[in-house]
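Below, chain A partners chain B and then partners chain C, in two separate complexes.
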Partner chain A sequence: MSALLEIADLRVEFSTRYGPVTALDGVSLHVNPGETLGVVGESGCGKSITALSAMGLVPSPPGRVAGGSIKLAGEELIGARDARMRELRGGEIAMIFQEPMTSLNPVFTAGDQIAEAIMLHQDVDRGTAFDQAVALLDRVGIPEARRRASDYPHQLSGGMRQRVMIAMAVSCQPKVLIADEPTTALDVTVQAQIFDLLNDIQRDLGTAIVLITHDMGAIAEMADRVAVMYAGRVIEQGAADDILDNPKHPYTRGLIECIPNLGKGANEDGGAVPPPLAEIPGVVPPLHLLGDGCAFADRCGHRFDRCDTARPALMGDAHPAACHAVEEGRL
Partner chain B sequence: MSILSARDLTVRFPMPKTSFFAERQYLEAVRGVDFDLAEGRTLGIVGESGSGKTTTAMAAIRLTGPATGEVRFEGEDLFTLDDEAMRQRRKDMQVIFQDPYSSLNPRDRVNHIVREPLDLLNVGDDASRDARVEELFGLVGLRRDQLNLFPHQFSGGQRQRISIARALATNPKLIVCDEPVSALDVAIQAQILNLLVKLQEELGLSYLFISHDLGVVRQICHDVAVMYLGRIVEQAPRAELFAKPRHPYTQALLSAAPSLARRKSAGYVRPAKLKGDPPSPINPPPGCAFAERCPKAQAICKQDRPELKAEGDALVACHFPD
Partner chain C sequence: MSAKAQSPLREAWRMFRRNVPALVGTAILLTIILVTLYGAFFYGGDPYEIVWAPHEAPGVTPEFPLGTDYLGRDLISGMLTGGGPTLAVGAAAAALTMIIGVSIGALAGYFGGWVDNLLMRFTEFFQVLPALLFAMVLVTLFSPSLTMIAIAIGVVSWPQTARLTRAEFLKIKNLEYVTAARAIGAKNGRIMWRVILPNAAPPLIVSATLTVGIAILFEAGLSFLGLGDPNTMSWGLMIGSNREYILQAWWPVTFPGLAIFLTVFAVSLIGDGLNDAFNPKLRER
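Up next, the complex of A and B:
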């Protein structure tokens, strides 16, 4: 099966007051039809820039795609004409943003905003588009969809706003749906509803989903394959089960171990104080301070001399990781 | 012994009148809440946004508007204290807020931010206050050479450490933690949770810990109260609550929380799905507030409100508890 969205060796640079910094450094990802790829990492690891690149939405200036390729169903997106990108965006590839409050226009009704997206891509009149919008709102589980279609964003709850965003994103049945932290602003119960909805849509339409998150729990529940990002690079990639059960890179291990646990049999500890959580010390380094070595070395418990001098490459076939210690069998 | 106990705590906010002759409506954010926080322990309050968890905690330390009922701090009724006595009492109760970006003054150096409670409450003299600030910096894992920086020079996790240092400045007995880790990345969240546990052990602190994340609550809280639309619907020791959730709402919350054990590859399907949103706290429905969304609701649930009753080690407000 050929990949629907294929990103190869993508390099994105930003000019900053510290000079040019490399926000994405040789990122390669792909997602197949009907599959969910989870992209995981802390804030500042380049997850959202990867998503924006695929949408052709990297703010420029200061950003610049400096190399690599992004292919959507075989068509190269880097260097595509603006008019072509506008056709694809919303039509073939759509995105759900993190903050439903700020990504909806406050002065138009929910129904009008969805209808606008439909009219941009299909040759229909306003009335038909609005009817389609109502049907979509109903599809994403908004009760009394016809009445709600006339509501403004401020009249909707956070969960409903995110549903409106999803309705808008799937309005033209895109092949690829990029969800950038779609539930971080929402309660867990609403998050569960949104995840279930995304899974339903995928099942019905065969949509490929790229789910960007910092939560390994969300990855377990949603993803078929996972790419772990750190400081602008993919540092580990593989099937979700392999990554979760058998993480190689120390950063991936840290991300999994630092989650307070619910699932491993709730009454195991008999009410005793749980052991302290594993920590990843420190923070993601600022991109302009990255040296020649491994970007994670400062926070890593397995650091040795090679980590400071050479940046590890992504090594391995089915489940590659970018770590000198893994490569040398020290881990 | 309990350090903080609330009885029939209620907070009602008057709503603006819609017309001159209209009857004034009230938003009941907290409705008849009882709880006891034992000394040196952590009581978690969980619930969705709008469930009244923050209002409950803030009302309990007299930081929010028209509260009725009774709150005792070390046996002393807080609602009857005069302003000056309450101000003196504030030394013993401090708050850590959710957002470390908006809760620190961006124009103030961090050593002054941490020192300010000591200045305001007249604790010690000048030299001892400075020494205390340095000591606090060490305690929360910040370096001495960072004392003169401004908040924007710190990362989110470090800012939360500054908030914690500020809360600890007056040597409080109780700290209200209002979602202290929900604005942080998971890796940083673990650092802050471990710090809070360490400080509790070293200083004998009691925490009233507000969170919407059950994983976090399980990590840090000894007892847990689950709130829904202004009321506690289930309250139990940690092990009991997570091993045997009795209220359908608690069960739904637990099944909604993502977990590494719930795999897509293993065909995981969520058992109890929660539909819709909580009802409005203005004119709430007469029966059980959860009845509209509850899979087990019967006719009685919409008419009679279930009282909080003992079930094993837990207190549950449900007509049909498990």
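Up next, the complex of A and C:
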């Protein structure tokens, strides 16, 4: 099966006051039709920039795609004409944002905004578009869709707004849907509903989903395959089950250990207590301070001399990881 | 959550309705508009016709309660007829100010970079010109018609609106719903006018309202300096043509002046009310 969205060796640079900084350093990813790719990592790892690159929305200046290729159904997006990109955006590839509170235009009703999106890509009049919008709102599980369509964003709850965003994103049946932390701003019960909805839509439309998250729990629930990103690079990639059960890179292990696990430990009386929350020490290093070695070395418990001198490459076939320790069998 | 859809405009109207000074301003302005529109028709009489002795004081002759001007023309007739052109110049100049200012400010704020640089230097050039002098030059060079006066006022007043619009666009263009609009495939033009502008509208509406007042004063100022349209009765022209005799007769200057004051005062009250109505920080629930 050929990949629907294929990102190869993507490099994105930002000019900052510290000079040019490489935000994405040779990122390669692909998503197949009907598949969900999870992209995980902490804040500042380049997840969102990867998503914006695929949409052709890297803020420029200061950002700049410095190399690599992004292919959507075989069509090269880097260097594509603006008019073509606009056709693709919303039509073939759509995006859901992290903050449903701020990603809807406050001065138009939910229905109007979805109708606008429809009219951008389909040759229909406003009435038809609005009817389609109502049908979409119904489809994403908004009760009394016709009445809700004339509500303004501030009248809707966070979960409803994210449903409206999803309705807008899938209004033209895109082949690829990028969800950038779609549930981070929502409470847990609503999170589960949104994931169910995304799964439903994927089943009905065969949409490929790129789910960007820092939450390994969300990955476990949603993803077929996973790419773990750190400091602008993919450091581990593979099938979701494989990565969750058998993580190779120390960073991935750290992320998985960070999932709170209730009731595993025991106190002296034999009663169950939750073990202390695990964490990965330190923070993602500022990109302009990256040296020659492994970007994770400072935070890694398995660091050895090679980690400081050479940056590990992604090694392996089905489940590659970029780690010297893994490569040398020390882990 | 209310059952009824609350559009931002309706919400603002709800706030405006509770603002007593703003309602008073609206009432005054509506009265002035009605009187200047229909007053002359009911009152009859020709504002240009010499009907009595010059400089008849108000209250002396029952037929001319406000007295007569330096030529012996009826002041009430002049006031009723002159209000329309005065308001029209104010509104036209304000409209022109908004059209130029919003267009330039929006382009500069949205595109940034060299477009912003170029447009803002252009704006600064107009901003540092002495406004009254420049308007005088324009009116002197071309004809002192009402249209020209409105254009002159518009040309010297737009830079502030441009700066305000630019600031709003700079602020709004980086908000997430603008990125979201782009992600759905919207063009630049659509994003500027359909996404950003409606969100930038509140301060612009307030500014437009206040500009009407400023433009009316500006027209009065030009008329006072003798640069009004001599062929069209307006409050400014009445002040301008009677100013030489102000020491002999105060009334032909004072009554149009009061009318202008009242109009600008009403417009300012409305502008302030709109400002409060659109400002979410001042909105008590």
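Note that the second predicted complex is superposed on the first by the 319 of 331 C-alpha atoms of A that agree within 3 Å, B and C clash if a C-alpha of one lies under 4 Å from a C-alpha of the other, contacts with A are read in each partner's own complex, and residues count from 1 in each chain.
Note that contacts are C-beta pairs under 8 Å (C-beta built on N, C-alpha and C of every residue); 3 or more make two chains touch, one makes a residue touch a chain.
These figures come from a predicted structure and were not determined experimentally.
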Fit or clash between chain C and chain B when superposed on chain A: fit
Chain touching more of chain A, residue-wise (chain B, chain C): B
Touching partner for A:204 - first (chain B), second (chain C), both, neither: neither
Once both complexes are placed on the shared chain, angle at chain A toward chain B and chain C, C-alpha, multiple of 10 degrees: 80
Chain B versus chain C as contact partner of A:107, first or second or both or neither: second
Which of chain B and chain C A:192 touches, first, second, both or neither: first
Which superposed partner A:159 touches (first chain B, second chain C, both, neither): first
Chain B versus chain C as contact partner of A:144, first or second or both or neither: neither
Superposed arrangement (fit on chain A Cα atoms) - minimum chain B/chain C Cα distance in Å: 6
In the complex, chain A residues that touch chain B: 36, 42-43, 141, 143, 157-160, 187-193, 195-196, 199, 214-218, 220-224, 239-241, 244, 254-256, 258-264, 266-267, 269-271, 273-274, 276-281, 283
Complex contacts: residues of chain B adjacent to chain A: 48-49, 155, 157-158, 185-191, 193-194, 197-198, 212-216, 218-219, 237-240, 242-244, 252-265, 268, 270, 273-277
Touch list for chain A against partner chain C, complex: 55, 57, 61, 86-91, 94-95, 97, 99, 102-109, 116-117, 120-121, 150-152, 154-155, 165, 168-169
Chain A-facing residues of chain C, complex: 1-2, 5-8, 113, 175-177, 179-187, 190, 194-195, 198-199, 201
